[in-house]
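The first chain written gets the first letter, and so on, giving A, B, C and D; residue counts start at 1 in each chain.
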Amino acid sequence: MNSPVSVLLFGITRDLTGQSLLSMSVDQEARVQDLLDQLYQHYPKLADIKSLLVAVNGEYAERDHLLTSKDEIALIPPVSGG
Amino acid sequence: MNSPVSVLLFGITRDLTGQSLLSMSVDQEARVQDLLDQLYQHYPKLADIKSLLVAVNGEYAERDHLLTSKDEIALIPPVSGG
Amino acid sequence: MIAITTEPIDVASALQNLQTEQAGAIDLFLGVVRDNTKKRPVDRLEYEAYDRMAISEMQKIADEAHRQWPILRYTIIHRTGTLRTGELAVLIGIASAHRADAFEACRYIIDTIKQTVPIWKKEIFTDGEVWVNAHP
Amino acid sequence: MIAITTEPIDVASALQNLQTEQAGAIDLFLGVVRDNTKKRPVDRLEYEAYDRMAISEMQKIADEAHRQWPILRYTIIHRTGTLRTGELAVLIGIASAHRADAFEACRYIIDTIKQTVPIWKKEIFTDGEVWVNAHP
């Protein structure tokens, strides 16, 4: 059974995909890594980013973090504030 | 033969002597140390200051620096700017 | 005080916000848009933030600085949107009783912001553009 | 720019004086009159300077900072006269291309000013007064 999750995109990830918000359908037991694998399939250019992190509900998440359909997920390319 | 030199006093040295400008008569070959010795005789309280430096013409001077009557001499008690 | 704003950063009001009777030292760091990066003329910068997370990450940094140094007050303001040469992108202000704490906390905060806070800067040159740090 | 003044220090104009197109970082240190020294309430401070020598000693410090760090602009302003809690006694501002240089030069300058520049501070308490650092 699949569930939809929404993914926010910023900076270079938005430019590479042309999207600022994606709705992805993932397996119910999907983890961060599974979502990334799916994104890389749809948008192979994302794999070029040298260090892509993922935030879940506003916190950096590990690759094995379990996702739910209520999560606010965001791709975090290398930051460059300041 | 004696020559007069003027001495500026700041901070605690002014408070201890009650003077902001002194005219002292020193030997022609007098050095900074000789002037200090004379000042300590007149104003023994100056000897209580833990580290008293002397400036000649706006520059810190060593104790053996030779004085002339044209010099602008200043007593520099421990600084506390900033 | 922590803020992300699209308005120009107001140094005077940030300073007022830092002042307190116990403060003997204030260190204020300003990050300014320069006209030149790697010898290539910059026309403008575009900053964007994941606002919600950027605020919470900056709060974590401020809390950690509070644990490490006796800070009386702090102000962290990051601007987003389009910035031109000479405009302020970020202001970090620390008030403390003694100066060493203000300097160290201020430097810690700006160094850490640059590492962990989800804010991105695109440099727009006369002949192209680049997301800083991100490019393959 | 180096100055000794009896007027209140104007941070905004100091900041304007520091800005230049090449500056990516500005560190501004402000020394503020605190309400409390060693738990004894301070009514006011009185600063005095041997102006001529204080300026030349500050110039030496600025020149040495220039030798050690790639500074674009600097501002050093020390106020003299009677100051009350919350007023600025000193402002050190450094503009540089990169932030490490601004922080380090700024800290070097304020640390060295406190050691070598002929400026004296008298703390006036509700129950007495003391020349800071000088007392037997």
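As a working rule, a residue touches a chain if its C-beta (ideal position, glycine included) is under 8 Å from a C-beta of that chain, and two chains touch if they have at least 3 such contacts.
Which protein is which chain? UniProt says A, B = Molybdopterin synthase sulfur carrier subunit; C, D = Molybdopterin synthase catalytic subunit.
Just so we're clear, the structure is a prediction, and the values are computed from it rather than from any experiment.
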Inquiry  = If each hop has to land on a touching chain, what is the smallest number of hops from subunit B to subunit C?
reply    = 2
Message = Starting from the defined contact criterion, work out which chains touch subunit A and subunit C both, please.
response = none
Ask   = Looking at C-alpha means, what's the farthest chain from subunit A?
value = B
Message = Need the CA-centroid distance for the pair subunit B / subunit D, whole Å please.
response = 26
Remark   = Averaging C-alpha coordinates per chain, one finds the centres of subunit C and subunit D separated by a number of Å equal to 23
Note = Taking each chain's centre as the mean of its CA atoms, subunit A sits from subunit B at a distance in Å of 74
Inquiry  = Roughly how far is subunit A from subunit D, centre to centre by C-alpha average, rounded to an integer in Å?
reply    = 49
Remark   = Listed in rising order, subunit C residues that touch 2 or more other chains are 31, 110
Inquiry  = Run through the chains and report each pair that touches.
reply    = A-C, B-D, C-D
Key: Touch list for subunit C against partner subunit A, complex   = 31, 47-50, 52-54, 56, 78, 89-90, 110, 113-122, 131-136
Request  = Please give the residue numbers of subunit D that touch subunit C in the complex, ascending.
outcome  = 11-12, 15, 19, 21-36, 85-86, 95, 97, 99, 102-103, 106-107, 110
Interfacial residue positions of subunit B with respect to subunit D in the complex = 8, 10-12, 15, 48-50, 55, 58-59, 74, 76-82
